[in-house]
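I'd like to ask you about the structure that follows.
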Amino acid sequence: MIYALRELRSKFKSGIKNPLFIFVILLALLPLALQEPYLLYVATLVLIYIVIAVSWNILAESGQFSLGHAAFFGIGAYTSTLLYKYFLVNPLLGMPFSALTSCALALLMGVICLPLREFYLAIATLALSEVLRTIVIMLPEITGGAVGLGIPPLFGGNRVLNYYLMLAIAVIALSTLYAVRRSKLYLALVTLRCDEVVASSIGINPVKYRLYAFLLSALFPGLCGGFFSFYVGFIDPFSVFNIEISIAPQIMSVLGGIYTFWGPIIGALIIEPVKEFLRISMPTGYLVVYGIIMILCIRFLPRGIMEALKAYTGMSEAVPVGGRKCSR
Amino acid sequence: MIKTKTITYIVIAIVIVVLVSALALYYFTPRRPTLGVQEIKIGVILPLSGPYAILGEEEKKGYEMAMEEINGKGGVLGVPLKLIIEDNQGKPEVSVSAAEKLVTIDKVVAIAGEYMSSCTYALLSALRKYSPPPIAVLIGGSTDSIEKDFGSEEWFFHLHPYAYIYQSTIRDWLLTLQPRPKTIFLAYEKTAYGTSQAGYAKEYLSKAGFTIVGEEPFTSGAADQTPLVLKAKASNPDVFLWIGYAGDSIVIVRNAKQVGFKPKLLLDTVGVGFPEFQTSLGKDAEYVCGIEVWSPAVNYKTGPPFPITHTSEWVAKYEKKYGKEPDYWSLLAYTNLYVIADAIERAGTLERGALIKALEKTDLQSPIGRVKWVPGQFVSRPHQAEFAMKMVIFQWQGGKKVVLYPKEVATGTVIYPMP
Amino acid sequence: MDPSIITFFQVMMCGLLVGGLYALFSVGLNVIFGVMKIINFAHGEFLMLGGYLTYFLFMLANIDPLLSIPITMALLFLVGFLIEKSLIKPLAGGPPYSYILLTLGISIALQNIALILWTGNYRSVPVWYSALPLSIGPISVGLSLVVAFTVAVILTAILYVLLKRTTFGKSVRALSQNPELAQAMGINVSKMYTLTFCLGAMVAGVAGSLVAFTMYIFPNVGFEIAIKSFCIVILGGLGSFEGAIVGALLLGLAESFTSVYLPGGSGWAPVVFFAVLLITLVVKPQGLLGAKA
Amino acid sequence: MLEVKDVYKRFGGLEALKGVSFCVNKGELIGLIGPNGAGKTTLFNVISGILKPEKGIIKFKGIDIVGLKPYEIARLGIGRTFQLSRPLMDMTLLDNVVVACIYGGRKRVGLKEARSIALEKLRLVGLADKAHLTPKSLTLLERKILEISRALALDPELLLLDEPLSGLSPREIDMHVSLIKRIREDLGVTVIWIEHVMRAIMGAVDRVIVLHQGAKIAEGSPREVAKDSNVIKAYLGEEYAKG
C-alpha cells in the first residue's frame, strides 16, 4: 500500500518535470493571458491544428504518407452536425461518434491503401477525400449539399469554454500519442517505416500495424472535426474537405521536425499564429510573404526546427523509445 | 452712494446680459454633437485571397472610395472614418476569426462587407453570441438560409438580393418577351450558389407556365462543357438558362457556339456580367443575356449624402480612379459605407441602440437604388434593402451591356430571338 | 444515323480532346515525378505562368497563342532553371519531405504574386478560331480545342521520341525505375534533375498556353489542374509515359461521359474518376502501366 | 527440423527454383552455395515466406509453412539476415533488437524486459557500448553483426544467413566466421548459410548444398562437394567468365 503510494508520488514527481505536462499547464493558463475572445479563437484553431499535425505525423512515422487527412476531419465534422440535425444529439455526445466514423473511414482507407506506398498512397488518400467531398455535395437532401448547414455554436459560442473543451481534446490526443510513442506499438510503426521486409522478418504483422497507425491517426482529427463544425457554427463541404487541411499538417510537421513528437506541435504553434498575424497586418499580399517565409525556412532549416535544436544542443543522435533514462 | 449703487446695478445688468446671451448663444447655436473618439472604426471582411479574391478586390475599391470621400469632407460628425479591412480567404472559419478580432480588439462600430454565403453565415453566427451582438450591415450572402436564420435579428441589415430575387426577376422579364419563350433548359453549377438558385428557378419558372425541358448540374471550373451543351441542344429549348461562375460562362458560351447550339436566348445568372467575359469571347459574347444587381449603364438619381447627382457620375469617378469599368460589387460596397456613415450622422452617437434606430430609419437615394428597409420573403422584420428586391437584366450588344429590364432603367431593347 | 449514336461519338470526341490536354501536362509532370521523386506542388504554377504569358503576348503584342509557344517554352524553361538551381538543388540529399514545404511555399507565393499583379479575373485569349466549330459528319467540336489537341499531340510525340530514342530519355527512364542502378551506371543525377525540372516546367507552360485560349486562366488555375494530373500520373503508373497518356484520356472520357450519361450529370464526374483511380490501385498497386516495384 | 520438398518458383519466364529438396537436422550448420543467379536468395525468401512457391512443401518442426505470412514464420522460430545488410536506420541499435525481441520472440515480453534481453544480446556480440547510437555510425561488419543479433532476438531455432561475409576484409571475415560458429555452439541454433567466400565456409560448415540454375546439383560434406564434377563444372564456367 505504502509502496504503491510512494510509486504514485514518484510518478507524479517525474510527471511534473515532463515537458508535455508543463506544456499542457501553460495551455490551460493561456486564457488568463489572452483575455480577448479573438485571441482565444485563434488559440483554439491552433490547438485543432496541433492535434491534426501530431496525428498526421504518427501515420507518417509508420511510413505512410497521407494527403487526405481532410477526409477524417470532414467526416467527423459532418457526423456530429448531422447527428445534431436529425436526432438532436448534443454535440458533446456527437463528438465521440465523429471519432468513430472517422476511425471507420480510416479502416476503409487503410484497407484500400494496404498495397500502396509513397506517392501512390498519398494520391489515393487525396482521391478518397475528394470523393467524400463530392458525395457530400451531391446528396443535398441529407447533407445540405454545397450550400452547407448552419448550426448553433457550442456553449452559445463562449470562447473560453470552447477553448477548454478543445484543450481537453488536445490533452487526450497528445497524451495518447505521447504514450504511444513510448510503447512497443511505436517501435513496430517505426520499424515498418524503416523497412517493411525486415519488419515482417522479425515477427511484425505489417497489415495489422499499418491499420493501427491509420486508426490512431484518424481518431483525433475526426474528433476535432466534430468540434470544429460547432465551433464555427457553420459547415460546408468546401471548408472541411479542403485540401489545405490535408496539406497543413505536412507543412507543420516538416517545419517543426517530422518523426518527432514536438516537431508538429512547434510547427503548428508557429505556422498558424504567423499566418494570422500576417493576415491582420497586411490585407493584400500577405500570402506572398507567407510563401516566402516557408521557402526560407526550408532553405535554412531543411531538417526542421527540432533537428536544428538537437544539433545545437548536441543531441543529434536518435533518442531511444522511452527517453534516455532506460538502458544500462 | 448712488454712484456706487448705479455701478452695482450696471455691473449686475451686464453680467445678466452676458449670461443670457451666452446661454442663448449656447442654446441657439446649431451644435455638432461630439463623439468623443479619434476615429470611427468600421470593420470590413472580404475575400482578398483565394478563388474569390477578384470580387473582394472590387468591394475593397468601393469601400475605399467612399471612405476617401467622406473623410475628405471632414468625416462623420467631424470624426474621420477608419476602415479595418480583413481578408477572410473565402473560408468560414477565417471569417469568424476576423469578426472576433474586429469586435474584441478593434472594437468596431459596425461590421460591413462579406461575399460568400458560407462566410456570411458563419460570421453572423459568431456575432450572434455577443450580448448585445454588434451591428452588421452586409453586402454578401445570397443564400436564403441567411435570411431565414438571421433575417429577424435587429442588428443585421442586408444589402444584397437573396437567391430568389434573381429567379423572380428572370421570370418577370421572360414573361415580357415577345414572342414568349415556352421551353427552358436549366443548368447550374453544383456548389452552394448554383444549387440554391436552381431550386427557385425551377419553382418560379414552372409556376409561371414555362416548361423546363431539362436540368443539369455541372462542375464549375471544367475545361470543357460540351457534353452539357449537347444535352441542352438535344432538348432544343427556347431559352438556355445556366447558373455558373464567370469562368464557366466563358466555356459554356464558347462550347455552345462550337457545337452550333442556337437557342433563342442564352441567359446566365451572374457569370456574364464581368467585362472580362466580353474581352475573352469577343463577338461570341454578343446577345448573351445576364442578370445583375446593378449594371454600369443603369443610372439613378441620387440624393444626399452622396456627393453626386447621378450614378453615372460615380461610374466616371470610378473609371478615372481605377482605369476600368466598375463592377456592381464596388458600388454595393460604396453604398454600404455611406449607409453606415449616414446612420451615425443622424444618430449623433456611436451608441448601439441609437445607431440601430437610426439605421432602421435609413432612406437614401443611393447610386444603386433606394436604400430603405423592407421585409424579405421569409421574415417580416424589414431589414432588407429595397433596391435589392429586384435586379436588372442586360444583354451584350455591340460589345456593351445594354440594360433591358426593369423598364425604368432600360437603355435599349432586347434582340430576341438571338440572331 | 441514330441520334443517340451521334451523341455517343460526340461525347467521346470531347472527352478525348480534353484528355489530350491533360495528357500533355501529365506527361511533363510524370517526368519530374518519376525522376526526382518529389510531389511538386508548384508544377501547376508553371501552367499558370505560361497561360498569363500567352494572354499578355496576345493582348499587348497581338501574337497568336500558337506563335507564342516558342517564347513561352523558352521563358518557362528559364523559370524552371532558376527555381531548380536556386531553391530545389540546395535541398538535394536532404530529407525527402522537405520538398513539400518548399514547393508549397513556391506555389503559394507565385499564386499570390499573380493575384496582385493580374487580379483574380478570369481571362481567356479571344483567338479568331475560338468559337468556330469543326464538323466531321454530324459531329461538331470546337476548332480551338482541336487546335490545342493537335499541338498537345505533336508535343507529346516529340517528348515521346525524346524519352524513348535519346540517351537523355534512357537516363530519365533509368532514374525513374531504379535510381540506385542509374547512379551506378554513371548518370549525372544532378544534371538530370535540372534538365527534367526545366523540361517539366516548359511543357507545363505550353499546356498553360493551350488552356489560355481553350478554357480560361486565373491565378489558381494551375493548382487545380495539377492535382488532377497527380492523380492521372498515379493512375497510369509512376514513370510510365504511356500510362500518363492513358490516364489522361480516361479522365477526359470519364468527365464527358458521366456528365451526359449519369443522372446528376457532371457533378459526379470527380467521383467516377477517383473511383476508377482507387479501383485501379486496389487491383494494380503500381498503376495501370507502372513498373512493378 | 526443416524439410524442403520439391519446391518450384518462377518469375515470369524465369524458373528460379526447379524442384529443390533437402533436409536440415537440428543443430546443423549448412552451407548453401552456388554461382550467381542459382536461386539461393530466392530459396531463403521462399522459406521465410516473402515469396510463395508455386509448388512444393516446406516443413518446419513438422508444420507446413508454405502460405504462412513472413511474420508468422518468424514467430515460429526462423530468423534471417539479408544479402545487403538492412539495419533499421532510424532506430538505435538497442531498439533494433528490442523490437525483434517483442514481436518475434517466442516469449511475450514487455518493453522493460525486452530492453534487458536486447542489451544482453548486444553484449553477446560486442555491440553493447554502442547500444544508443543509430546504425548510421556503424561499420559494415558491425551492421552485419547487428543484423545477426536482431535475428537472434527472436530466439530462433533456425537462422538463415544470406552472405554474411560479402564485402568484408579477410580479417573481418575471420572475426565474423568465429562469431557465427560461436552462435551455433553456444546457442545451439541451426544455421543455413549462403556464402560466396568459399575458403571461409568450407572450413566451417557441417554439410554443403549446392544450387545451380535453380536446382540442387550436389549435397554432402565440404570435401565431397569440392570434388563433385557437376559442382566444378558449374563453378568453373563462372570462374572463367569472371576472367
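Labels A, B, C and D are assigned to the chains in the order they are written; within every chain, residues are numbered from 1.
The criterion applied here is as follows: contacts are C-beta pairs under 8 Å (C-beta built on N, C-alpha and C of every residue); 3 or more make two chains touch, one makes a residue touch a chain.
Predicted, not measured: the structure shown is a model, and the values here were computed from it.
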Count of contact steps on the shortest path from chain C to chain D: 2
B-C compared against A-D, more contacting pairs: B-C
Most distant chain from chain B, judged by the mean position of its C-alpha atoms: D
Distance between chain centroids, defined by C-alpha means - chain A, chain B (Å): 40
Centre-to-centre distance between chain D and chain B (centres being mean Cα positions), rounded to whole Å: 77
Multi-partner residues of chain C (at least 2 other chains): 112, 264, 267, 270
Residue numbers of chain D (touch at least two other chains): none
Multi-partner residues of chain B (at least 2 other chains): 49, 57, 190
Pairs of chains in contact (touch as defined earlier), listed by label: A-B, A-C, A-D, B-C
Complex contacts: residues of chain A adjacent to chain C: 60, 65, 67, 112, 115-117, 119-120, 122-124, 126-128, 130-131, 134-135, 137-138, 243, 247, 250-251, 253-255, 258, 284-285, 287-288, 290-295, 297-299, 302-304
Chain C-facing residues of chain B, complex: 49-55, 57, 190, 216-219, 221-228, 230-231, 234, 245-247, 250-251, 253-255, 257-260, 274, 276-277, 279-282, 284
Complex contacts: residues of chain B adjacent to chain A: 48-49, 57, 60, 85-87, 89, 91-94, 96-98, 100-101, 103-105, 117-118, 121-122, 125-126, 128-129, 143, 145, 149, 190-196
In the complex, chain A residues that touch chain B: 36-39, 41-42, 45, 137-138, 140, 145-148, 150, 152-153, 156-159, 228, 231-234, 236, 238-239, 242, 276, 279-280, 283-284, 286-287
Chain B-facing residues of chain C, complex: 3, 7, 10-11, 14, 17-18, 21, 112, 115, 119-126, 130-133, 140-145, 211, 214-216, 218-220, 224, 255-257, 259-260, 264-267, 269-270
